[in-house]
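A short write-up of the structure that comes next.
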Amino acid sequence: MGFWQRFLQLDRKWIFLGIAIVVIIPLIKPIGLPIKPTKPVIDLFTYIDTLGPESGPVMVVTGFDPSTMPELMPMEQALLRHCLTKGIPVISFGGLYPAYIGMAKMAIDEVSADFPDKKYGEDYVFLGFIPGVSAVILSIGIDIATTFGNDYYGTPIDSLPMLRGVKNYSDISLVVDVSGTSTPEYWLMYAQERYGVNIGVACTAVSAPAYYAFLQSGQFVGMMGGMKGAAEYEELMARKGYPTGRRNATIGMDSQSLAHLLIILLIILGNAGYFIVRRGERRRGIIRRKR
Amino acid sequence: MSISTSIWVWMAALLTLMVYSFLYKDNPFYRLAEHIFMGLSLGYTLTILWYNYIIPRVYEPLFLPPHQWSLIFPILLGIMTFGIFSKKYSWLIKYPLAFYVGGYAGLRIPLLLQSWIIRQVEASFLTPDKFTSLMSSINAILIFAGLFATLIYFYFSKKREHGFGAAAQVGIVFIMVAFGAAFGYTVMARISLLIGRMQFLIHDWLGIM
Amino acid sequence: MKKRVPLVITFVTGFIVIISFFIPHRPFGPLETDTLIWYSIILGFTLLIGVDSLVRLHVRQMRRRKEGWWYSIVFFTGFFYCLVIGIISIMRTPNPFQPGTIFFYGYKTILIPLQSTMFALLAFFVASASYRAFRARTLEATLLLIAAVIVMIGRVPAGYKLWTRLPGIANWVFNVLQMGAMRGIMIGVALGAVAMSLRLILGIERTYLS
Amino acid sequence: MILLLALAFSISAKDTPDDGGGSITVNVYNIPEGTARIELSRLEKGDMLYKEAGLIPIFKGECDDASVVDGIGYLYRGKAIAKDTFYIAEMEGFVTSSPQWFNKSRITVLIFLILFGSVVLTYIQLAKKNPEGLFIRKLPALDAIDEAVGRSTEMGKPVLFVPGLEGITDAGTLASLTILEMVGKKVAEYGSRVIHPNFDPIVMTTAQETLKTAFAEAGRPDAFNKDDVFYLTYEQFGFAAGVDGIMLRERPGAIFLQGYFYAESLILAETGYSIGAIQIAGTNATTQLPFFVAACDYVLLGEEMFAASAYISREPRLLGSIKGSDLAKVVLLFMIGAGVIFGTIAGIAKQGGNPTYMQIFNKMLEFLAKGAK
């Protein structure tokens, strides 16, 4: 078998090894390639940046579990950090499914630790999980207090100073659904279409293509897609001089670059080998037919 | 180099390596991790079920004051699903299933029409403001052509000859470009997951970074 | 008779839910949220059926001593460990996901790594699929290939370093070329789903009752 | 503090449209510069004093007062509080809230629903009368199914059919059951075996039923082994790992991945590719289609699955839906096409100083947007 045949029969294990190496090296010694923010992320960032301490609170909804944490946790933390730095009141909602509350807790604990001056109940509030999915989204449109009853720690909603003037969506300036599933569509259908509240979305790279259609039709205010979206948001925060904490997404982007380059190389090599082998066979085939 | 001392981090790291051993070949370590995973996730699903459905939805509203007696009906319907365990009463499951299917279909129709069809058609309208610059007009026409050709590709009532076949060919070109873009985007998502796990192994476990 | 009543239930529920979308007035308006609650109660019960058939599968494997039956023991230990710990922590603290409970600890240190590692396996499979399955056999496959490469290179800082206009081109492929086709596919799938839901409500579609 | 009756700052209230009653929408206009808070107070007919009724968010200038009782008259007063002064806005004439029987903003959705529904139903009746009359073009993937099952049985290998992760109410799962029936008949004819791991218990019982009838119709009722259709797990990645295990152990010659899949689609397709099986996929999960196209031999794209199941079964209900969807596509295309032409004419006319067309065009768009609002 010629070199190319053996090359195409390359065992999967070598490719796996290649990817592992290419991902690990930059994590140990980062390269620091420049990040260029794109329009959807800029739109989301500027919308939040225009808000201030007296505008309606931003509700950050946690919608991811461990399997999509690497992409979405940096996004949630960047959003919380941005709001707390600007003094924008922020409601962290523990999510529509029980699996997400642990993630929400991790995010709010890590970020609030960097803002000792911010007080719970006045600058940020943490609402726990309640069952019902779309029923929950609908009832927030009517009255937040009756929907939740009390916050994650058990204190009644109406005794939280921050939520005093906040009754339902008409008092909320933005809902950002940080989701690894299709919940942004629920927020679109049950919140934006029925109550007109602005919705931003922070999603995995795989669901970003589907949401571009909703972004272009103006249903979403802005969007962060994949770890690159998170890195862009961290970059915009840094450019404005806001504290970013450990920029996990940006560190990850170097490995992302190398991994992409390797995959593109694999595609080219795979096809080059495929065509060379096929042309070789056709040439030999012609020779045989000639005889 | 400060290797972590917590046995939980070690357990998580070992489990991660056991799962990745599948990449070398299907081996007992992987099978072990696979079955631990299936057992835990089943136990986990049952706990959520108990904590999220049975207590807040069934037990509390029924037995605690402001008794919502109307909840008897869905609970009765729910109990009928257990009919599936016995040969004789297996037809009982048809009733809760009927309610579940009716409710699900009824909810989806208006919302699908509103968000997936009307909203997308409305956004595809080429309003003059989309023709501000040369580039935006070309883009608007390309988006419209993409939609037009894709709908022709998914048209099943006509054989694909001459003109109609050509439009379908253009349609599949747009569709394949859309798939390529989505594939490229998804590669990013998968790689960032791997980066997340590697960060855990290198940073939290081995403490190198 | 056994088939007639369920069909009537499906029709009545579906019809009422559709009307309540259009009629905000007293009896119909709030019906939508009530149906959602009833719907999730029944969903909870169907989960239990799934759990039962899985436990029976593993019991059968163990009784028959099929090759690798001891894996089922591992399965049951994992299952009971998680169940017992879960129920205990529900007894003790109202929310088993409160970071203090053992259940959350087990969830965070065992289930999280397992689930996300399983998910991260995909990166390796994407790489090997790109090398082996990704052939420019036809015109369409070539286009899929080119678009994928453009987007992959454009969405990464390395691409920006190679040629500053690459991110712009990747975005153009996304916002323009991909938009029309994705919208066409969405409309098509949505029409199919609406037609199917109509058939379900009107009792024309009955496979779920077979 | 001087009481400034600002002429500019004004308030108005009306019954919240398209709602179940019990709510009044209050709007405030030209909010003075530097307002920190706008307090809202309400006077019930017959009372003497205004009572506190919450705050109006400044950035929106509008809020819904959902604590009103239908039929009772209310008067609202807005008090915009700036740093050292405040402004009052009052209104004349009481406002009462009332429920509406029809949500006018959803008229477009109703029209679409009625039109599309009646088109699908008429086609279903037509299909019942003469199923052959309705033409659906043949999909290449269907020939591939014959070829795949044939080759797999020649090599003495079983066929693996994976039904996706969604329940019985998903359009993709139902289409996969129809395709399962066709595959089942073929497998029975060739005397081979079909393995069917399941994620959803109800789909499992339905699949057992489907295969039993398929084997009976192919004249081999005894060849069907009930244990080949079994429940695997309820967790996404446990399922993917379990199916991979089956692929590596049973080494099927042909693999069918038909139904609604999530991220595990590539794990299945890649492992299937690595054992050299012919893979025929079909899914209505648009996000997973690229993987199947990259890794499988044949793919039914979204709607093609529904068309395939209609073509195979020639069932009036499936034929009717496909024909209905096709007609809807033609109508939508004409609508958008007409919109484009009319829009451009209106645009040109506007340049030429005659804006009437443009107003009609905008009214058309508004009507459509109302449906989408």
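Note that the chains are named A, B, C and D in the order they appear, and that numbering of residues resets to 1 at the start of each chain.
As a working rule, a contact is a pair of C-beta atoms (placed from the backbone, for glycine too) under 8 Å apart; a residue touches a chain by one contact, two chains touch by 3 or more.
Predicted model, so just to flag it, every value in this text is computed and none were measured.
With steps allowed only between chains in touch, the distance from chain B over to chain D comes to 1. Farthest from chain A in terms of Cα centroid separation is D. For the pairs A-C and A-B, the larger set of C-beta contacts lies at A-C. For this pair, chain C with chain D, the centres built from the Cα atoms lie 14 Å apart. Annotation: 23 Å between the Cα-based centres of chain A and chain D. Residue positions 22-23, 31, 34, 37-38, 41-42, 45, 51-53, 57, 84, 97, 100-101, 104-105, 107, 109-111, 113-115, 117, 119-124, 144, 147-148, 151, 154, 175-176, 178-183, 185-188, 191, 193-194, 196-197 of chain B each touch two or more of the other chains. Among the residues of chain C, those in touch with two or more other chains are 18, 21-22, 32, 36-37, 40, 46-47, 49, 51, 54, 95, 107, 111-113, 115-116, 118-119, 121-126, 128, 130, 132, 134, 141, 144-145, 148-149, 152, 155-156, 174-175, 178-179, 182-183, 185-189, 191, 193-194, 196, 198, 200, 208. Touching two or more other chains at once are residues 12, 16, 19-20, 23, 67-70, 98, 129, 131, 134, 193, 205-206, 209-210, 213, 216, 226, 228, 256, 259-260, 263 of chain A.
Taken pairwise by the contact criterion, the protein chains are fully connected, each one touching every other.
Residues 8-9, 11-13, 15-16, 19-20, 22-23, 31-47, 49-55, 57-58, 71, 73-75, 77-79, 81-82, 84-85, 91, 94-113, 116-117, 120-121, 123-124, 139, 142-151, 153-154, 171-188, 190-191, 193-194, 196-197, 200 of chain B are the ones that touch chain C when the two sit in their complex.
Those residues of chain A that touch chain B in the shared complex are 12-13, 16, 19-20, 23-24, 27-28, 67-71, 98-99, 129-131, 134, 185, 188-189, 193, 204-206, 208-209, 213-214, 216-219, 225-228, 248, 251-252, 255-256, 259-260, 263. Only residues 18-21, 99-103, 106, 109-110, 113, 116-117, 120-121, 124, 167-169, 171, 174, 177, 200-202, 204, 206, 209-210, 230-234, 237, 240-241, 263, 266-267, 269-270, 273-274, 284, 286, 289-291, 293-295, 301-303, 306, 317, 321, 324-325, 328-329, 332 of chain D touch chain C when the two sit together in their complex. Across the complex, chain D meets chain B through its residues 106, 108-109, 112-113, 116, 134-137, 168-169, 201-202, 205, 233-235, 237-238, 241-242, 244-245, 248, 287, 289-291, 293-294, 301-304, 307, 322-323, 326, 329-330, 332-333, 335-337, 339-340, 343-344, 346-347, 350, 358, 365, 368-369, 371-372.
The touching residues of chain A, counted against chain D in their complex, run 12, 54-56, 67, 142-143, 165, 167-168, 170-171, 173, 193, 206-207, 209-210.
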